[in-house]
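See the structures that follow.
You will see chain A twice below: alongside chain B first, and alongside chain C after that.
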Partner chain A sequence: MKPRIEVLAACAVVLVLLLVLPDVVRPYYVGLATKMLIFALFAMSLDLLLGYTGLASLGHAAFFGTAAYTIALLTLRGGVTSWVAFPTSLAVATVTGGLVAVLALRARGSYFLMITFALAQVVWSVAFGWRSLTNGDDGMPGVPRPDFGWSLDGATPFYYFTLAVFAVAALLLAAIVSSPFGYALRGIRDSETRMQALGYDVWRYQFVAFVLAAAFAGLAGALYAYLNRFVSPDDLHVIQSAEALIMVILGGAGTLFGPAIGAALIVFLEDYVSSMTEHWLMVLGAIYVLVTLFAPRGLVGLVTTHLRERSGP
Partner chain B sequence: MIWLIHVLNGIAIGMLLFLLAAGMSLIYGLMKILNLTHGSFYLVGGYIGLTVMQRTGSFVLALLAAAAVIGVAGAVIERFFLRRFHFDELPQTLITFGFLFIFADASLWIWGGDPLMLRQPRMLAGSLPLGDYGYPYYRFFLIGVGLAFAAALWWFQEHTRLGTMLRAGVDDAEIARALGINVSLLFTLVFAAGAAFAALGGVLAGPVLSYYPGADFDALILAFVVVIVGGLGSLRGALAGALLVGLLDDFGKAFFPQFALFTVFVPMALILVVRPTGLFGRR
Partner chain C sequence: MIALAVDNLSKNFGGVAALAGVSLEIGVGERRVLLGPNGAGKTTLFHAISGTVLPSSGRIGLFGHDITRLRADRRARLGLARTFQITNLFPRLTVLDSVLLAVGGADGRPLEPLRPMWSYRRRYDQAHVLLEQWGLAATARRIVRNLSYGEQRQLELVLALAGEPRLLLLDEPTAGLSPAETARVVEMVQRLPREMTILMIEHDMDVAFELADRIAVMHQGRLIAEGGEAEIRADPRVSEIYLGSE
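Entry: the complex of A and B
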């Protein structure tokens, strides 16, 4: 297949650009780029569910937020080191993912979407209501940057740390979706009953996909807590889940590259438009509507359709 | 007596929720659209009612204006934006999410960020003495309106030609179309009506709850919970869910103010675990 080389070349170019970025832009944009990488990872984790397994979740922020809160609670209230807090946050997000999956996988389609939404709101209302533990909607400020023996306090070191984590996670995700397991997920997305007839244990595949997606979302959430040095119930809110869905759809569900682009674009737009006009919400809303009208299969879908038309049947 | 007051409060709020959730549930049942703009219809409808009430002093005119404007807005959104993604859930969700932002910003622009309240109509001012307490007549009015609305909707669905078409469309839109029912018109009508119901709920809520930026989202989430608990596409479910959520919300706020929303979300999650399709939902 010809595009394969083009894809690799594009990845190499993007990687080089990402590596030299802190040398060419102001520190503010280094922070923004870090946020883009984190949300790219978050959107890719959701796409494992939505794009590859065909399960639309509206509760993905639950895992993002539980990991962020685990970091904040363990470091601020427990006083443990990053060596403990970071892996524990991933474990907590993964276990939460397993629990939600057991309940949510009882349903499909819109009901699945609603159950994930409902369970995520339960998690949110705990963070919101349990003031003595979490400070409620005031959030928890003062989360220190991770310390693995070298300082990640500055914008640039933390950016490189995030980039390294992102790269490893992206490679893992790419390996997952191109493995036999990944192809089985696509099969389940296209026809659950057919895969069942072929002897696949559909439930088990969906469960593992859900738990993996939760783990990667937790990774993004942990990084986000470190980036902001702050966690709040907003990290768990359905708006966060909806935004992740938008990022995936805008970029193009069913590819890993698309959601990453969609996430970077939305993070950038939110920052850029809110610095240009008070009415950034309206501009963003209009962008969502227009992009959906003119690129319903996402930006990646738009590009591939264009390429296919150019190269003929 | 305090219990009775909380029960009445819960029912009154439940009736407002029913106005919201009935439209949302019908829209989902017929078109399979999860309308994220529904809370915006509620809030902007309320704001429009507020403005009309301030200008004319007429509560009835406020209700009519809000329902008309939001109904037309709903029809436009359905016809020109959602229609082209027939039964394609993801783009439709994305579009309604976009409109949620647009309405939120527009209403902040026009009506500002301070919480606003609607004065109740003079006829319904005052309260009924209940033991040591007084209970506002307006809330009795809300309960009455809600029950009348539920009865009217039920009658419409079971005993009119259009209602029969609606039920046919909910069961199978393609077969209904093949049988010569104008499904396309039905879609627009139901979306517009659902939007108008939400706007009516918004105006009626004015003297009880206040309007503020973010109220659209709070209303959307509660409507979502009602529809989840009751089951998608079922009017009976929307009514049962609305009453349940209204009561849970009121008792939660009164007795566990720390965990106000928890008292709504936990029972919802439990119901879903036992019945993944809600109380009255079909698979």
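Entry: the complex of A and C
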């Protein structure tokens, strides 16, 4: 099905709003909006696995954090420029994704979830435990913003840089899920045995989906290291993976742009709630329960169901 | 020429022999029906031929290739298609998208991650032709989960046919269907090109005798009788285990 005119128009409106945003809000919110874009990308990368391929991973932060740490280590310990560090971080996240995929794709369902969780904990424990290299749980402060010939030190320039990266990545992801490859992923989600009987090499599709998801998660992680100028084991933690899962489910798994909305909402709420109480995770848990009870297909699912009911069968 | 050659095939599940040395040869263009009571090993034989389970011993040849240990998707690319006894479709996709996947699986280029699906005009044309041909055109935009059971069984068949297979395995295509729906499926099978080889599990005797060139009867993991309608009807062992003894 060709993209509908309403969808294209909505994307254009959102893009214009995102472009003028730094002119209308305070600098603090420019930083927050940057964080929203980064996590939107992170959640969309996970949706490729959860919503399209039907693989629930509880280790997606491993790739996010691996890329962030690669940036920090290369620039702080290795002294290389961002021309090298940025692409290398993506390569490292992608290769890590390939290794995890080879191990995790031997299992399905909750076993897949447990293996991805365990492997991500291994990565986390390296960052946490290897103090001489990573400073352990103190993290690594002072990661410089990338310098591609113009300064990204201010909130607004870095916001535009992130927006540009996000837009390109979102377009790529949208192209991937609209392609025969993306259709095949949905087929695999619904029935692996049927896809095999139709001649599809299911493992190869799942592997490529996993590696692609890891690469896009790495891209988000690299941006996050630059945004904070800081990396810590929290970037790799299972809570980060679980939060991404909730972003996807809240927005609507298998809708690509739903998880982006879910991510923006969660980032905003976390910021808002954290200014009042320390119990953000409790609020997050409550949100998760409410969504599974009342909007199992996410916010996007809620809207489309409503529209369908209004327009009749 | 031999389409399918099954040679002394066995499969043990724990201590149970689901298949105990089955040998079977089906010529190109033949329509063969497998009969047998529940637990006779018919579906296990189908799974072994289509690659869902690996046999414990024995060999399977498909148009001269040894496929005994080949992955299921590779067998599909050699021209083997199957339907499932328990409906196995894409519940959350539309009928059209399901058929597009079936057409694309046969098309055979790998992955194709960047060009949008809607630009593959030829696949859409093929999918629409198939839906038109098999009476599902009106359901194209519907979600598979919302189809009636009869429509889902028809779609099972259409998905298997999309790749223009040389050997088609049908696992109880009429199970659970009303007489009218059964007649429709029988008519669908009769309309298939004569050069397509068909191996079919069927419990309905009338359907079996109507569609089959030859019939093979299985019992307790073995093939106990093979022949045309008259021979099978006359065979005392078959009457005893399957048609009911007097």
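As a working rule, the second predicted complex is superposed on the first by the 300 of 313 C-alpha atoms of A that agree within 3 Å, B and C clash if a C-alpha of one lies under 4 Å from a C-alpha of the other, contacts with A are read in each partner's own complex, and residues count from 1 in each chain.
Criterion: a residue touches a chain if its C-beta (ideal position, glycine included) is under 8 Å from a C-beta of that chain, and two chains touch if they have at least 3 such contacts.
Keep in mind the model is a prediction, meaning the values are calculated, not measured.
Of the two partner chains placed by the overlay, only chain C lies in contact with A:182; chain B stays clear of it. Once the two complexes are overlaid on the shared chain, A:160 sits clear of chain B and of chain C alike. By the document's definition of touching, of the two partners only chain C reaches A:208; chain B does not. Residue by residue along chain A, chain B and chain C are tallied for touches, and B comes out ahead. In the superposed pair of complexes, A:29 makes contact with neither chain B nor chain C.
Look at A:292: by the touch rule set out above, it reaches chain B but stays clear of chain C. Touch criterion met: A:279 reaches chain B, while chain C stays clear of it.
Within the superposed three-chain model, A:199 lies in touch with chain C and out of touch with chain B [touch as defined at top]. Within the complex, the chain C residues that touch chain A are 50-52, 71-73, 76-77, 81-82, 84, 88-93, 97-98, 100-102, 104-106, 108, 110-118, 120, 159-160, 162-163. For chain A in complex with chain C, the touching residues are 1-2, 175-176, 178-184, 186-187, 189-191, 193-202, 204-205, 208, 212.
Contact residues of chain A toward chain B in the complex are 56, 103, 106-107, 110-111, 113-115, 117-119, 121-122, 125-126, 128-131, 238-239, 242, 245-246, 249-250, 253, 279-282, 284-289, 291-293, 296. Across the complex, chain A is touched by residues 28, 32, 34, 36, 81, 84-85, 88-91, 93-95, 97-102, 104-106, 108-109, 217, 221, 224-225, 227-228, 232, 258-262, 265-266, 268-269, 272-273, 276-278, 281 of chain B.
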